[in-house]
Amino acid sequence: MTDAAGLAATFAPEIVVLAAALLVFLLDVLGVRRLEAVGGVAVAGSGLAFLLVLADLGFAPLAAIRTIGAGAINVAPAAGASPLYFVSSFGLVFQALFLAAAFFVGLASLSRDPHEPGAPIFYGLLSLATLGMLLVALASDLIFLLLAIEITSLATYLLVGYTRRGLRPLEAAMKFYIIGAVSSTLSFFGASLLFGAYGTTDLFRLAAVAGSVGYPVLALLGYGFLVAGLAFKTTLVPFHAWAVDVYDGAPTDVSAFLAGGSKKVGVFAFFLVFLGPVLFVHPGGPGNPFSGAPFDLGPITQLLLGVLAVLTMTVGNVLALLQKEMKRLLAYSSISQAGYMLLGIAVGSPASLAGATFQVLTHVLSKGGAFLVVAGVAGLGVGPLVDDWRGLGSRRPLTSVAFALMLLSLAGVPLTIGFASKFVLFSAVVDARGYFVWLAVAGLLNSALSVFYYARILKVVFLQDPAPAGAVVGGSEPAELPAGGLGYGRAAAIAIATVAIVALGVYPQFALGPIQAAASHFYALGA
Amino acid sequence: MLPLISIVLATLAAGTALTFLAGARARWVALATSIAFLGEVALMFLDYTGWPGYAGTPLVPGFAEQETHAWIHLSWLQVNYTVGVDGISLVLILLTAILQIATVVYSWGESKRPAGYFGLVLLTCFGSFGVFVALDVLLFFLFWEAVLVPMFFLIGYWGGPRRRYAALKFFVYTHVASIVMLVGLLATVFYSGATSLDFAAVDASARGLPAIDQSFLFLALFFGFGVKFPIVPFHTWLPDAHVEAPTGGSVLLAGLLLKLGGYGLIRWGVEVLPTGFLHDRPVLFAVAFLSIAWGSVVSLAQRDLKRMIAFSSINHMGIVLLAIALDSSLGLLAAVLLMFAHGIVSALLFMSAGSVHHTFGTRDLASLGGITPTAPVLATIVMAGSLASLGLPALIGFPAEFAALLATWQGLQYWVLIPLGILVVTAAFYLWMMQRMLFGPARAVPPSAHDVPWFEGVGMGLLVGLTVLFGILPSLLVNVITSSPVHGFPGP
Amino acid sequence: MTAGLSEFGFLALSAALLAVGLFGVLTRRNFVLLLIAIEIAMNAAILNFVYFAGFAPTAASGLDGQATAVVLIGFAATEVAVGLAIVLALNRARGSINVAEATELKL
Amino acid sequence: MSLAEAAFVLLALVAVVTALAALLVRELVHTIMWVAIFFVDLALIYFLLNATFLGVLQLGVYAGAVTVLLLFGIMVTRKRIFSREAATGLGAGPVALALLAFLFVLTAVGELPQGESVPIAYAPAALSAALFSTYGPWVLLLGLTMLTSVSGAIYLVREGRE
Amino acid sequence: MVLGVLIGVGEAFFPGRTTNVQRLWLHLPPAPAWPNGFSLVMGTLVDPLSALVLIVVTVVGFLVVLYSIGYMHQDRGLARYYAEIQLFLAAMSALVLANNLLEFFLFWELVGVCSYFLIGFYYERPSAASAAKEAFLVTRVGDVMFLLGIFILFDLYSGAGAAGGWAANGFVFVHNGAPYLQGLQSHSTLATIAGIMILGGAAGKSAQFPLHVWLPDAMEGPTTVSALIHAATMVAAGVYLLAITSVFIGFTAFDDLLIVAIGGFTAFFAATMAVVHADIKRVVAYSTISQLGYMVLAIGAGFTSVGLYHLFTHAFFKALLFLAAGSVIHAVGTQDLFKMGGLRRTMPLTATAFAVGGLALAGIPPFAGFWSKDDILASVYSVLGAHPDYWPFFLLALAAVFLTAYYIFRAWFLAFSGEHPRAASLPHAHEGPWTMQVPLVVLSALAIGAGLLGFLPGIAHLLGHGSALSGIANIPPVYGLPQIGLSAVSVGLAGAGILVAWRMWGNGRVFTLAETSAAQPVRRLLLNRYYMKAAYDWVGAGAVYTVARAADFVDVYVIDGTVHGFERAFAAFSDRLRRIQSGVVSDYASYLVVGLLIVFAILLLVAPFVLDHLGGG
């Protein structure tokens, strides 16, 4: 804390991203609003920060430039000290994921219409949202965590509506804002009840106190409010309803960021609040306040999260089945994916933690990538409906194949990362035995269900012939697509994501190793 | 020793990729790949048996050609790339190689996006080969699923008028089944406490599970594999898929995909969960008898040639299931033999059905008739296929069916009357079909009708030849099968 | 203050404010009224922090609560600012800030 | 019942009533009046809880800035200042939901810290010092939220083209 | 073929030699389930039994092929014809020489398929295609039974080998020079069932009641095929099967009775149908069924060699009858007896040949049929004392003698007597080329002499040794005086039959049964073949097909319909669920509050309850 250089080293990625944001605004103020300039700054910022995070994680060629010593990572704050943040390799993994999402979206957006206004604010807010996400991954304090989440939230509310034109984005921003604000209120209310119950908001101290005084109803209510508040961000059913409209109404690149990036903030917050230092590590307590029986919050929360996970998967998948619009379909699929991730939290073993984190990586690459493709294809003049994509496979084979790989990955088809992550996750869930096996079964059945709508998209894209000119169903599809491509930035982002999907599908160990290590470190924090 | 299996996998993968990229020359690439594949499979046979002069004892104890490389390490689970073959898989691999080359030759005239078509055909065979060699749960599942995707596209793009419906139905059914299968396999792994997904590890630890657990797990596996068989009443995807699929797709579907179910049940069901298997045998018997009877009786009512053959596949695979369920070495031998036989014969029948369709523009038995004078070669092939399918001696189906029925008698006594009685029905619909289609005065013969083109003839001729060869010399296969390290066989 | 009534009274107040806020969010249609409802609920949370800070076991934790309250008051104002920005943009685009009328996106 | 207690009860009642009134009155300008009273009332409760600094902050930020912001919002979005909110029913559902939430929170009544003594008073100086040392990160984060909101909100509200 | 004759003749001159040559076909090394290893062999067993039948097959085969050269010269697809005939002869020879049941069954099926091909030789004719199918199907029913019989026997024998394991050579008839005879006594029920199953197979192949319906329809094939396959050889395979079974395995008493019953009944039953039919080939075909019945009767009564003796003679005179009929058909282009007439003038050779065949069939001494048929009657008669329940079938067989003589001469008179053909449109008839005439002559000679051949030491030895092998050493010297009375009765019956035929049909007369006659229903019954074919058609095409259609309906609408029903119900449910996404943000907020309450409920109410009562996760 005393050494400014040390602070700068600790926060190097955050500082880089913040600097990028400020530079973008500065350029804006100076009148430099060219897409390449502002976009380049933001993308470079997230890219550099990404490399820094990888360095801190100790990836071989980058480890030379690591800014945080290996000894400073994964150290729980000392009792009594209240530093409000700490660096864990688990947090670093998530930072890497967040930065990857930001990088992809930023890169892809370099291909947007250069004449469209709003590039500086887009990249500025994108960087700020990313900054908030990075900070989330550092939190060791509830208020710190919630405030960092709010940075992301506020930035994304504004990102959704930043085009200022058109009813749909603004309507989406309005809904997003209202539900988001209510949720954040609930979160803070929950934090206040926890503070009332335990006299602190530090996650590690909360754990310590709870270990000694048990779980009064006040604390239970506090956790309940927190679940509700975080569930909004994570789009758990029934806190999900905003997500579909927002993903649909927002500019598609923003949807990609929401689904691929900011949603994971909620997932991480769940990890942090309910797994790491707090609940499962310190089971037991004085007793059930109602029945007087031995009482343990861990199993209760597991049950709660398990129920929410199954509900989320199922409702998301079922509703996705009937969707006719591509973005809404992806939105529902995104909701169901959140259920899988929550499954890992509900089980709460190091294994399932790794599995859920791996699933997050899948989702960043696949769902984020899919939205980027949708945005690009919409730029080619393809309408919003799934049926508007008819015959794209023959006209844009590479794009279509990439899209197909992303969908197959989401569906959990082998040799894609989606299969590897689901495999790791479900096997970890089954490994936990007990009723968790049924959670895994529910997850697998849901995977089977999800194949319906992914297969339907593939069918439309590859098996149906393009509609004859004039016979347009719903959308406004021109008979011939314009000659232009997706743009280099977007193509590069999609290509990188696709390669990663396949490469990590074939050899998942590359990502799985660090994730597993981070998960076990994280788990060890509370021990 | 050469890592033959990896070499084969690499050959197929490279061949598939090149085929996709080869454009108009795809068929040549596909053919070259198929020949290389066949050659490599021959090498594997030599390696395994030391032909000629093979006396039934493999040179390698246990699984031959085994390779193991670490793949995914989890703290609680070890996943390897483990492959290997035994006699059972070797026979089915041979089937894969044969069907691949036959399909490629038969489809020589494919003009609709040939690169995609041949690439997907190769991909299907690639996946099937993988299923037969995989000795790791995850690897097995991976190849298992890898077969679905190309088949989905083959049906969905090159298929008939209702191809999209059929493709989706096929995909959904089989995918749901494979999910259940995966649940079963993983549950087996975890309940037994195995820490590796290798076949040997799973096998060793799962055998110790209590009977009731095994029973449930086996049921899950049985459902998963059974839908592929397919078992009645989960069979309705099959007729639709066959009717709509292009000929090559039907051939691979009937010839290979259905065998995956049988192989999976033997390797991962019966072997791994022997107690559960014994416990669940009544269910298997019931389903088997139902499938046998249902497939045969319903095919009697079909007007569409392909649909009829599809239902007869259900019947034959029902006998395979019955033979497996008998839990006798003869039954197991019969099951593998029957799978091989059915692979060849159903491929032949679907090819001839496809040729009938190309030549006469319809597969409707009610409107076809007397095609023999117009297309004598085709008629001969149809006849050969039908006779082989109804179990005529000296053709490949006979030794297999004979062994299956004999084993049934030994295991179940008079229950054998059901499959025996159904043999008559089976004969009835083939004979009726031949009478209807081949004989009688010519009907619905378009003036442009001609006998089969040379490549279709060669493709089918190859299969006819094999039907006769293995019908007369089944020992070529039997000795390989029985040397497998499977319980009840002589083994190594 | 003695125990009992004030505890109950405080909790009742806090819970009531939250309930009123939620009730407002559920029933009001004017975006600005929704903002107000959210602020009412937010004030319930701030009130909690202030109250619990007053009876905190240690001085450090009491400061914790008050500092949190300070930060939250600031945050609430920030949030309202963003909300108003969206109100204005929406008003400009739609000519109405009735949230029930904005149902372009549904099903 | 002590004087403080009585004051608390009175202020609490006023808070609930004004909050409800703010949401239910149909004249939007009256709403702002009720909201302002609600904020001031809460500031008084903070004083009562010996949280002087917060009371002042509440008066400044909420009763001052936020109220003005809300008034501004209403004025901009309504052609006539005294426009009326369309009457919308209370709805049994929302009321029930709100009541249930209320009741759930009340179940914790047995576990509140026992208010044996008067609330602790903290010196504003100590608080402000802590805000810039111990709680520095919070304030930093608050600053970042403000940066975000200001930059974005200004852009969103700004009319026209760049 | 020549080789076959040589083998047969050689066997005749080196009596008692049994040559068993075999090669391993399939061998499995020892395994837990078969500790001694398990092997199936393919081998040839030349013994008196097979030698006798082999002679028949090769001689008749040669003559028929020779005949075909003339008879078939104007048909298309001759290559196919000769290929199929050769395949048939090869398979038939192999069947006869098979040394184990599996091999026997293999070639049994192959000859069946050849029969299928050849019946359907004129495949453009729907009736031919249909008849081929029918033949295959009906024999298939028998084959399936036969297969079950094989299974049972296999099990019995393997049980007799290594204890509980599999015998080394499970199926072989002759093992180490001695036939398998052991093991059946302890499994009488199983053995009986095995016997019934084998009888079923034989009945299918040899067209015994109730599986006889295919044979008359099989006349759709070329007449040469009828002569070779459906008179002399293949249909006799069933009898041969019964013979070898009784020799090497033995039937139980119940099986014997059943065989006698079926044989005797069929002999009579088929003869009655032959009485009314107008198609010359069908008449001969019914007679074939009837004569096969005699053979079965003999074997059932325990006189294997007598049955085979009749098989031997019957092959020649029945082939002769068919070839003669073929000659007529070749000449006049119709098979309808009522259109023919007076052909003896234009076709003297054929008329003579047919008459010789008819006399042999009717059992008039010294023609071949007399010796063998009389032998059957006499030998059955000889055991009536021991088996009184054979009586009715013996009487039926005796009655059939009369009918036989009647119907075959009815045919002769209709075709050959009179002055000129009844149908004016018939072309001028003439004898066929020498290739057709030579077989007629040779066969006529055999039909006259084959019975006497039985007295030749070689042939007698074949017969005798066959019976010696059977272990039932009671083949009586049936030509002796004790049976002379019986012979007189049967010859008298035959003569009466010929006489009646002459009275009614001789000299171009046509007997017409009055429409009002009480016998009309009987005639219709016979003409419709006791409605059995109709009943089978009803079962096959009607009932089974209806069941199949119903099953198909269930498949499409119930099974698949259930799937689609689920799909639809799911879609409806999903659609309802979709409507919660109303687009109104207040609703979304209320879901949020509901969610909050659910969370509370689970945390505070449900979870503690569940964990308390269920013991936690």
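By written order: A, B, C, D and E. Residues from 1 in each chain.
Rule of thumb we're sticking to: contacts are C-beta pairs under 8 Å (C-beta built on N, C-alpha and C of every residue); 3 or more make two chains touch, one makes a residue touch a chain.
Quick caveat, the model's predicted, so the values are computed rather than measured.
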Each chain counted as touching chain B and chain C at once: A, E
Minimum number of chain-to-chain contact steps, chain A to chain C: 1
Chains touching both chain B and chain E, listed by label: A
Chain closest to the middle [Cα centroid of all protein chains]: B
Pair of chains joined by more contacts [C-beta pairs], D-E or A-E: A-E
Label of the chain whose CA centroid is most distant from the centroid of chain A: E
Greatest separation from chain C - chain, by CA centre: E
Rounded Å distance between chain A and chain D, as computed from the means of their C-alpha atoms: 32
Centroid distance [mean C-alpha coordinates] between chain D and chain B, Å: 72
Separation of chain A from chain B, taking each centre as the mean of its C-alpha atoms, in whole Å: 43
Where chain C and chain E are represented by their mean Cα positions, the distance between them in whole Å: 96
Sequence positions of chain E contacting 2 or more other chains: 578, 581, 583, 585, 589-590, 593-594, 596, 600, 604
For chain B, residues that touch 2 or more chains besides their own: none
Contacts with two or more other chains, residues of chain C listed in rising order: 18, 21-22, 25-29, 31, 35, 46, 51-52, 56-57, 64, 68, 71, 75, 78-79, 82, 85-86, 89, 99, 102-106
All touching chain pairs, where touch follows the definition stated at the start: A-B, A-C, A-D, A-E, B-E, C-D, C-E, D-E
Contacting residues of chain A [partner chain B, same complex]: 350-351, 354, 408, 413-415, 419-420, 423-424, 426-428, 430-431, 433, 437, 440-441, 444-445, 447-448, 451-452, 455-456, 458-459, 462-464, 507-509, 512-513, 516, 520
Chain A-facing residues of chain C, complex: 18, 21-22, 25, 31, 34-35, 38, 41-42, 44-46, 48-49, 51-52, 56-58, 60-61, 64-65, 68, 71-72, 75, 78-79, 82-83, 85-86, 89-90, 93-94, 99, 102-106
Chain E to chain C touching residues, read off their complex: 578-579, 581-586, 589-590, 593
Contacting residues of chain B [partner chain E, same complex]: 55-57, 232-233, 235-236, 294, 297-302, 328-330, 370, 372-373, 387, 392-394, 398-399, 402, 405-406, 409-410, 416-417, 420-421, 423-425, 427-428, 431-432, 434-435, 438-442, 474-475, 478-479, 482, 488-491
Parts of chain C lying in touch with chain E, wherever the complex brings them together: 22, 25-29, 99-100, 102-107
